[in-house]
């Protein structure tokens, strides 16, 4: 192997480097100031600046590299392609919005905000590595970087009880799943002789039907991802952690973490790899169906808004898994994959919006937002209520929002590959989901109450919510070109 | 291969079986023990089982990659443990308790 | 004036009257409202008269004025125009409708003088006239149907005119709904006809009717005519749909005279006459029509003998007389049916108006047990009523004699007739004579049973004038259709004018033979004699020996009860049809809608909720449990995948 | 341009209303805007060429190229009057709700306008996904209308409405996507255009349920059946109607239910000719059941509004029956009945709303003798009642007559049962009329502290157009049907291989006319 680390490689990973350096800024300043927090606005700007710089660099690098014959970095450790770019951007935007929420949320803004920014940016760094990883080991490193930062972020909340428990649960189960994942990696390594993903995929077609060890390995790896994206029955941590974690973190987990995990998932499942094992293909379908149903039926009876969103995010994982399966059986990878990516874009936007609204309500670190608490919100804050309505309708898949088009692309590709029954399950589940997505709307608009949200008139969270809402609708209506761009990027 | 070889000659499968036993033991620890610290240790055991399997594969394939991976895994495991312990300490400060049955407030 | 204009005036004049009075619905002036309405009716009558005069000027075979206004419906082959025809049949009808109608309008001015809703009343009356004209003049079945439903509607409005009385409103609704049953059948009849002939135009249908008769029951023409006849039973109050007519007496009396005696109720008969070639082609239907007609004539007459309400008696009499007309239609004597329709319009309108005059005089009292001896208080009313009485019981040479005799003769003589039909007719005639005499006796003759506080007074001239005109018509109206046997012995008689007039448009029953004059004379003699005897008997009962009826009734026992209670038909309808239907509806609402369909959806919802509860139970907060799910998931997946 | 304008003007109006600063003049503004929309639709009517069955005033732009989805609006005789109905009813609804909606007026007006866009778009969209977009979008404003301004059990009703309708439509979405892939197979490129869907030959085997065409047919039919609503999917309707505020009921009954029947007419029947023909008995049966069932249940309702709602079930049963006769009479009658129902039931709901505003009760038993107190109201109610029970010279008669004639021609048995609806319709309406308007004054009517006032000028303005339409449509149906004749002729004659051409598009016109001529010749 030729370990030539050139300047070109460094340029290609410049977003990560910048992100890393930026993550150090606030905490360094804090140290230099004698362990005194600078103003939280300044910290926020530093963090956002880092994310923005990373995003700009990401874009630049992608523009420059996308046409080059060799998009690899660090001798096949990382790859710069459509998935890494798009999902990376999603992750950065989601991180940025979460950062804004953290700034406005009483559970996160305070003593240790600089550390929080550091962790958030580190987590984002992990995400960038994760989506760009072309090697299972690198992938694992990215995964752990992201996760470890998250564990700490959750544990750092000013809320003392539930967040600790959530962090602990997340940590134990996450490590447990990591071990499973890694065990799978070791088998793959043992059978293929490498952890380089393209090589593994190259062997998949042949090994999956002949070598049991390989099969065990690939199943463990896939299930490891299933844990990260909360596919039932590996979902059990999700509701507890989302509920216990401070809302901005929950938002980050539900969107960025999920998006990058799915992106990494996509890397494993590519062209026709699943066809070799009919049973794996079948059981994944059942897992998808189970996830959708479980997420939706459980969401119906929730009263805690965040927990409801957590279950809904499980259900959405089920929908996305349909897309992943489609990719696995499809000859046209880009068709299904772009559906998945597009869905991730849409899903992240609307979920961020919904969590942002929840965050807006939290008056202090111990706030628990029940759905019924929203009564009368539409009268007090018609604009915000309307934004939440848009997010929820989008989550339910009502046109012309991005949620509808996301589902449309996802299910279209599934139907195109003959997975009609999965599509049917998907659409039927979205009907069930409509029921609980309507509930907050009902409460806001149709019940009397005098709730007041905690935010000031024009705080950054509100701006983020408004922007997300506008994009949820606009990206829905003009989804065609974006989908085409994504698809072009992936092919 | 005659069955006596199974005992006489130590091969890849022996290591793999051992690693599997370790892994399952770690899993059992996670599933069954009540003490949070023991659970943490069980997770570490699982990771070590993985390491063993990496090393074994590496050895029998005559490749160094696996050995390097183990370094990575160990590093990450160390980081994980530190994070885990940090969380546990903060939890202990709050609850004065490390029995995991105590942490069931989030449910439903 | 062109026929188009005349026709427009003829038809629209009442509509204009309706609109004018409709917009001044709050006004109380009977004179003004009544003048507008009567004026509208009279204008119609004049226009009709002008047109009929033109019609007479045409050669007999071409006597037809067709006016086409606009295309109403044009879908595929269905081309319905708003077209109107005056021919020999509708000419008679339109004169009766507008003529008698005008008189009744006039009468109403006096009768409704004190009513607060007088403008509304006249508006309805005009609206009725408009619809009746559509019915009569329409040149196709659908336009006729417009009028057909329209008169039903006006009947509904007028029966329920005093709507604050629940009973009256209910009577109106009963009338409409019963009519609707007939109308539904009428619709089906139209469908069959349209699918058979591809048109609904009377002329075209009558031209296209095959000359051979249909013998099977489900053949299209038989089916169509049967449906149309069911429609007719609704409108013309025949068994089994007659029940609304007696209740319809809840309306103001002039309304009963106009709608429920002279015009609307005869619409069924008119429709059959209009389509006579069609009905002739369906002998089975004809037999049913004759049978139902005869039966109704007898049954209604029998009920009429027992009633105490002056209007109810007249109502049953109307039902019975309509039965005669259907009997005539059924035996193929369409001309006789039309003849009787016309004379009946005269004398029954007269009697109703007369009864109105009585009721007016008695301050809204309708029970004949509380009358008697009114002759001296109401001389003119008595006189005119007397003429009506003579006409209806068939005393020559009053109008009823000729028409009824014609029907009875045809029932016996026609190839489609039967002696049993004649017997029914004759029996009906006997009973008619009885109950009419009874009515006369109890109301006008004998001793006064009028309560002291009531002071009967003769009605004003505006009410008497119509009575007198109608009395004259009842007396001489029958002379246009004097049977051959009589006209032969009368010198200088032009013969049966009506028959000649109708000849081109009425098809005769195939195989009709020349009647035997001796037979005809003897039958005539029998029926008249019987009627006179019956009338004398009634006179004896109710004037000479007032205690007798009670004894007779008692001796009849249960049978009298049965007849007095109108054979319990209303009760049967309520008990066997309406109440079960309401219960059924409540049942399906409760059991199917609320408890089955909705419950099913609830079950699904509960299932989903149950699933949610289950997941909630599984999500018990224990980390090890969660790790277990992961482990189990891994093991299960692995097993399944490795199994292949 | 004109179709886009018709479709999206209301959306623009919604924005205007939203940004309008003065709350006092809000209603006037909205009324004016809705009248502008109506005038615009009149201009559309004036431009309409009634001599052709082709799509007119077509606007077509690529929207999502990848899937062949386009922004595709087109007008023909089938949709023309439904759009006119929508634009006609909206000002009336706004005027009718002048006093009844006091709370959150702005939101209400915005809902109305958004809903109008959604409804018009549903009738005009000729692209499946575009159509679906409007179809689903229409749920949202109606959901809010019922949920915010509704009665006691409004939340239950509105959620039921939303979920039921959505359940139906998602299966349609799957079917649409499937059809899109079929176009890819047969035409080479993927397309969601309805015109391309028409070109598909979808395999059909009679007697089997699990054949492609049958399944697709039912996927579409279910969506439309729930919307119509067809027995046994009708139970959302009474709840939605009873709880909805008057304007909501009017729009729901007047236009939204028509979206279902229009769907049958535009999508189900021409797209799946064999399956429609094969399963016609089923839909005629449920149509007939709807007629009788709706009437019977309406008869025993204690609540006026619920009665009217069930009467809708009955009337919609007629429309369904007519659609599946596949002959000129039935289909023309159905199309006409859609308009009739919009006018008469819409007016009934308005009237019920007016009396509700006065007494705050809809219980029939508490009324009685209204005719003596509110003569004008009684007259209006009576005229609309006549229209509802299809008395000749009113609009209802034309539709009902044609439908019954058509069904008699197609299958006599159904006509025999359906004709009982003529009687039952009179029974339930008149019985209600009797109990409410006749008899002694009921407890609500004789309350001396709150004397009831007869119709105000505003209410008269609301009702007069409806009454005029009742008679206009009853006396001169050709004024309306002439516009739709060509389209209906085309649909009936050429149903087994239905193609729709775009006016002015030469190649397509030629293809369609040859097909049409062939059908003419064979007939």
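Letters A, B, C and D mark the chains as written, and numbering starts fresh at 1 in each.
To be clear about the criterion, a contact is a pair of C-beta atoms (placed from the backbone, for glycine too) under 8 Å apart; a residue touches a chain by one contact, two chains touch by 3 or more.
Note that this is a predicted model, so its numbers are computed, not measured.
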Centrality ranking, top chain (CA atoms only): D
Intercentroid distance (Cα basis), chain D paired with chain A, Å: 43
Distance from chain C to chain A - Cα centre to Cα centre, in angstrom: 79
Euclidean distance of C-alpha centroids - chain B vs chain D, Å: 66
Centre-of-Cα separation between chain C and chain B, whole angstrom: 98
Shared-contact residues (touching 2 or more other chains) in chain B: 27, 30, 39, 100, 103, 105-108
Multi-partner residues of chain A (each touching 2 or more other chains): 168-169, 172, 176, 180, 239-240, 435
Shared interface positions of chain C, touching two or more other chains: 616, 619, 621, 623, 627
Pairs of chains found to touch, sorted by chain label: A-B, A-C, A-D, B-C, C-D
In the complex with chain D, residue positions of chain C that touch it: 25-26, 70-76, 78, 142, 145-146, 149-150, 153, 156, 160, 163-166, 169-170, 172-173, 176-177, 180-181, 183-185, 187-188, 190-192, 194-195, 581-582, 584-586, 588-589, 592-593, 597-598, 601
Residues of chain B that touch chain C when the two form their complex: 27, 30-32, 39, 100-101, 103-108
Of all residues in chain C, those that touch chain A in their complex: 608-609, 611-616, 618-619, 621, 623, 625-627, 629-630, 632-634, 637-638, 640-644
Chain A partner contacts - residues on chain B that touch it in the complex: 16, 19, 23, 26-27, 30, 36, 39-40, 43, 46-47, 49-50, 53-54, 56-58, 61, 63, 65-66, 69, 72-73, 76, 79-80, 83-84, 86-88, 90-91, 94-95, 100, 103, 105-108
Residue numbers on chain A that touch chain D, as the complex places them: 379, 382, 393, 398-400, 404, 408, 411-412, 415-416, 420, 423-424, 427-428, 430-431, 434-435, 438, 441-442, 445-447, 479-480, 483-484, 487
